[in-house]
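Following: one structure in structure tokens, then a few remarks.
To keep things simple, chains are lettered A, B, C, D and E as they appear, and every chain counts its residues starting from 1.
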Amino acid sequence: MDLQLEQIGHRYGDMAVLDNINLDIPAGKIVCIVGPSGCGKSTLLRLIGGLEKPSAGSVVQVGEPPAGSFNPLTYVFQDFALLPWRTVEDNVRLVLEDHPINKTETNAIIHDVLSRTKLIEFRHAFPRQLSGGMKQRVAISRALAVKPAVMLMDEPLSALDSQTRELLLDDLIRLWCREPFTSVYVTHNLNEAVRIGHSIVVLSRRPGRIREVVNIDLPLEQRARGHIELDRQQTHLWNIMRDEAIAADQELLSG
Amino acid sequence: MDLQLEQIGHRYGDMAVLDNINLDIPAGKIVCIVGPSGCGKSTLLRLIGGLEKPSAGSVVQVGEPPAGSFNPLTYVFQDFALLPWRTVEDNVRLVLEDHPINKTETNAIIHDVLSRTKLIEFRHAFPRQLSGGMKQRVAISRALAVKPAVMLMDEPLSALDSQTRELLLDDLIRLWCREPFTSVYVTHNLNEAVRIGHSIVVLSRRPGRIREVVNIDLPLEQRARGHIELDRQQTHLWNIMRDEAIAADQELLSG
Amino acid sequence: APQLAMAEETPINVGALRFTSHAASFVAFERGYFAEEGLNVTFKFFQAAQPMAVAVASGDVDYAVTAISGGLISLAEKGAAKVIGGALLEEQGIDGQKILVSDAAFKAGITKPAMLDGKTWATTQAGSSFHYMGAKIAAAEGVTLRFKPLQKVGAIIGAVKSGQVDSWSIVPHIAKPLDKGGAVHIIGNVADYIPDYQVTVVFTSADNASNKREPTEAFLRAFSKGADDFNAALVDKTAGDDAAEEMVKLIHKYVYTDRPYEKAAPSIRNGAMRISPDAAINTASIQDQLDWFKAEKLVKQSITFDTLVDSSYVKK
Amino acid sequence: MADSREVAFRGGGFAPQAKPWVGVLVFITVICIIEYGTRQGIISNLTLPRPTDVLATFLDLWRSGLLWSHLLPSLSRLFVGAALGATAGICIGVLIGLFSLIRAGLVPLVAAIFPIPKIALLPLFVIWFGIDEASKYALIAFGTFTPTVVATYGAVDNVDRTLIRMGQSFSLSWFSIVTKIVLPGAMPGILSGLRISLAIAIILLVAAEMLGAEYGIGAYILEAGSLYDLERLFVGVTILSLLGVLVSTLIGYTEKRLLSWRG
Amino acid sequence: MADSREVAFRGGGFAPQAKPWVGVLVFITVICIIEYGTRQGIISNLTLPRPTDVLATFLDLWRSGLLWSHLLPSLSRLFVGAALGATAGICIGVLIGLFSLIRAGLVPLVAAIFPIPKIALLPLFVIWFGIDEASKYALIAFGTFTPTVVATYGAVDNVDRTLIRMGQSFSLSWFSIVTKIVLPGAMPGILSGLRISLAIAIILLVAAEMLGAEYGIGAYILEAGSLYDLERLFVGVTILSLLGVLVSTLIGYTEKRLLSWRG
């Protein structure tokens, strides 16, 4: 299943947030979206996932979602969005409860996703007992549990410290290599973008427009730390964005 | 004025947080502290600044603080710690109000530090109107206003998005190059550490002990992005820390 | 006999306060007069008279005894309550309600009601019997009083004891111990100013008065019997000491229950005032009270004696 | 692209939208139903008064000038009592927030005083404070005090500790930290506590005016109640209700001015 | 190193420490002072009763068995009334939190009802609910209702919207979102609202028992007040105060059990 964004525009009241976004999200690929703060990255992700209706244009789903997918478009949130009153296991169970599957199947799915993220031992722990990295791994397990066609990730690593972020980025890459998934991955971190993105979409300052789309052909498994090609791409991206970032940082926020 | 940490140990109740820390902080140098989450970096910084009393050992101040320093040991906090009900200018004024200087002097100091951080235009804005980068620049101005002998910085950039972080790191380096200051700089980000640290102290998992001290001789102004020597040092640090980071991330938090 | 007319016992609710002035009902109940009339009485006790009046209007209580108050007249005007008989009566010669002054006022030389000019007079609420008594005394003596509404008898006692209001009038069993304690002084009798004052009346809902004649008459008969016993034992004291003792014991089942008998007995004896024989109504007194309420603009001008009283039940 | 379709919308909701006219409509409907019911006799005149009669009674009260004779003493009692109670409450609350010893001593005392009904103490208030204005002020002050204390020390507790540590790290004096960081930081919590305290103060007006008040909205209500005059009772209750709305609006306005930094 | 010295400590403070014995000490001191004062005659017997007399009165009450005759009806009124009011309040509060239309219609109504003193409506309660238990339940329920509504919709409003969006993003049904996300998320706020509502319920016990109650702590207090019997008045007040502490402890316990996930 592919996604196509067709001339998407969005406004909040008088404020234009996104303008004329055209983009293809092919199956099995990770599309990264980068851009200065407030340029509408999260908004774009909400439009793709159907959590908000675009003011103009449309998000089109091409082809059927794979059979057995409970929730074709599935989010992973920056702040994990775990229910603090449910254990790890029950947080995953939450998203399966509304579907017509029996208890053994549910337990099998939970076991499967928690072992893929190495959380089996912690299945009875409450979120408050987990470190940030573990919380995000729970959120990823939960997303995997509904067998998504597309994973929509909004800065999934930015709430973590940079060491944990390194570890989790490796985990994500390993997960993708084992079984490729489609993803739209919003990030602020250019290093993250060049490590995990098959293509990187650079948005301009608000109202967000597509400045450039950078494709990186290097297979994910070969993108080690400090790879020369990646450093080159990262510096290229930084040069595109530098002025926008300075301007965005110097702006007084309204309201 | 130098600082010397002598056999510092610290416990909270039954929990040992720091153990046998010996460290010299020479004047005019930036000492970075890195280590896994919860290893006691912030605690160590609080001990150095006199905000907490160490359970064992002592922090010794060698030599007099420079004349005219209102607050020899001055913090820059991760979450900015700006008073939301005061404007930029008044946030800086706050820390001068308890000192016996007259109004014109105060205003001159405020003007000076705000222009060094390029915030003059925004002096009447409230914190809520500022972007994260600007807020941290206000916090840095406030720290500069009291003419500190040592700046104690607790992950000053980690609340910012990575593009703003790049910009602010450059600003900090430029500030230091213009007028070298002494600093203890806690960070999670190894890239930040190799870019700004004259020496980098690696702490072990809790209870924090010094694993290694890495000295980088390259002058700050030459440490550009993607410098080979820095990348090498960064990878070296990552290798020291990797296992600690994994273990720290896998730990259930107590309480 | 009336009880044959009714196939089985009629259940009725009687509202009461735990005061000696409600003794007629207690006696009629304890001595089986209600049962003889085929009435199965349940007492509903209240902390104040005003909610009791409202409870009669709402049908929660069938019969009750209370002072004529603005509230009762208003309920009668709304077609919800009717006075059907008389109860407590001021009578010259019998110990009745007392006029009190605070110790401070007494020391300042106020020893007669005539000297109360410009002084404060405690009432519970505007339109209460205290208000009426004060107004009548003031009119008779040609003085002006300032009325202080204090809502609760407890608050009034506190205010009089501490000298914050100057004067008040109250039933003897409260007045006498206060006087004895020295904090207040009795300076007169209400009966001297309002002769034959109909202090309390028996009333019921308008519906009972007009549509349930039989049980209403039965109630009044039993009530009167209780009143006769009470008057004989404690007011006229014609029944002898044993009867008086027995009467006090009977009443102690309802009043001052949490005090030992020895402490309660004097209060019960002190509280004995005449209850109108045959529940007769002193029409003149009621008319006077009604006129006063109207003059004070506390009730609607359109109310007549017959709105308030159903005089078909008892002798006037 | 035979099998292509738009992504379905599944967000929205759970976000209240302002619909001010609905509130007005509800009030009008309720009043109309009561008017109709009382006119038709479905609602007996013992149960509820006719709204038009209440209005007429109110207009009478206004024209006779008595409205002001009742309203002004009540307002001054409310003002003085609430000012005393709130000021004392804020002071004690701040002290509790700042000093562990005072907290340990007073918090249980306040907790024990809170559930005491003020009307139970009416006879004592007469002795303690007399039956003039002092006892009314005292009763309202007493009722306003406890909730203000609780709200205030809660607000002080909730002041961001990092801001306090910041103040200490710049070696600010204790006094500066309290006046420049703790108090402004606690202000939002204190103000929202005042919303409740002042509503309680209005409620206590009736209890306060049980004590020898001839004039005052509370006294007016009590008299109406004792005369079972429902029209006047409802006029009084409506005035208190409007007073509540007014006070709440005033606090909203104060919040807007004092807390303009929240944007 | 002639001029070397340790860094001065300047942190600490602004963090309350538990000192439970101080509270106990304060109570004991206050009681001792009153005892001494009344014995010496510094405090007149009109102003405050002697604590030992209060205790003796309490013991009498206990021995006579009347304590239970007064306490049990009050407890059952409190329980039924507060349960009714709190349940209705939580339901309406959740509805207000969930539906904009209901919010727009009911919030102004609740705001208008809040400042109405319940004692002003006593005569009406008799007509509406009679003089038996129903009117006492109704009065307490009515008084508990409004603060519970306000606390509940506040709690629902404060449920983290990202959790709700998460639920929607997984296409959970509306019902699942409400029962599994909104209600558990609002629970801490609802419970802390109940603290206030139940304190109010205890306060209203006295008002409720003005309505034709023979037995009950409120009736006991009223009778003591009307006889100006300070010992008994204080026995009653102390019982209510202890009841308040008990209820607050019970809520604390419920919080601990229900909100164990907060750790």
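Following the convention adopted for this analysis, a residue touches a chain if its C-beta (ideal position, glycine included) is under 8 Å from a C-beta of that chain, and two chains touch if they have at least 3 such contacts.
Values in this document were obtained by computation on a predicted structure and should not be read as measured data.
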- Hop across touching chains from subunit A and tell me the fewest hops that reach subunit E. 1
- Touching subunit A and subunit C alike: which chains? D, E
- Where is the C-beta contact count highest, in terms of which two chains? D-E
- Item | Chain located farthest away, centre of subunit B as origin (C-alpha) | C
- Note on the structure: CA centroids of subunit C and subunit E: separation to the nearest Å works out as 39
- Query: Can you give the whole-Å distance between the Cα centres of subunit B and subunit E?
  - Reply: 48
- Message: I'd like to verify one number: the distance from the centre of subunit D to the centre of subunit E, where each centre is the average of its C-alpha atoms, in whole angstrom.
- Response: 17
- Query: Taking each residue of subunit A in turn, which ones touch at least two of the other chains?
  - Reply: 49, 51, 73, 128-129
- Query: What parts of subunit E, by residue number, touch at least two of the other chains?
  - Reply: 10-11, 46, 122-123, 127, 165, 168-169, 171, 222, 225, 228, 263
- Message: Can you list every residue of subunit C that touches 2 or more other chains, as numbers and ranges?
- Response: 50, 54, 57-58, 71, 152, 154-155, 157-158, 161-162
- Full enumeration of touching chain pairs: A-B, A-D, A-E, B-D, B-E, C-D, C-E, D-E
- Item | Of all residues in subunit A, those that touch subunit D in their complex | 3-4, 46, 48-53, 58-64, 73, 255
- Mind pulling up the subunit D residues that touch subunit C in the complex? 45-46, 122-124, 126-127, 130-132, 210-214, 219, 222-223, 225-229
- Residue ranges of subunit E in contact with subunit A within the complex: 162-163, 165-166, 168-173, 176, 180-181, 184-185, 259, 261-263
- Query: Where on subunit A is subunit B touching in the complex?
  - Reply: 36-37, 122, 125, 128-134, 158, 161-164, 166-167, 188-191, 225-226, 231, 234-235, 238, 241, 245-246, 248-254
- Message: Touching residues of subunit D toward subunit E in the complex: what are they?
- Response: 10-11, 13-27, 30, 46-47, 97-98, 100-101, 103-109, 111-124, 127-128, 157, 161, 164-165, 168-169, 171, 174, 177, 182, 196, 199, 202-207, 218, 221-222, 225, 228, 230, 233, 236-237, 240-241, 243-245, 247-248
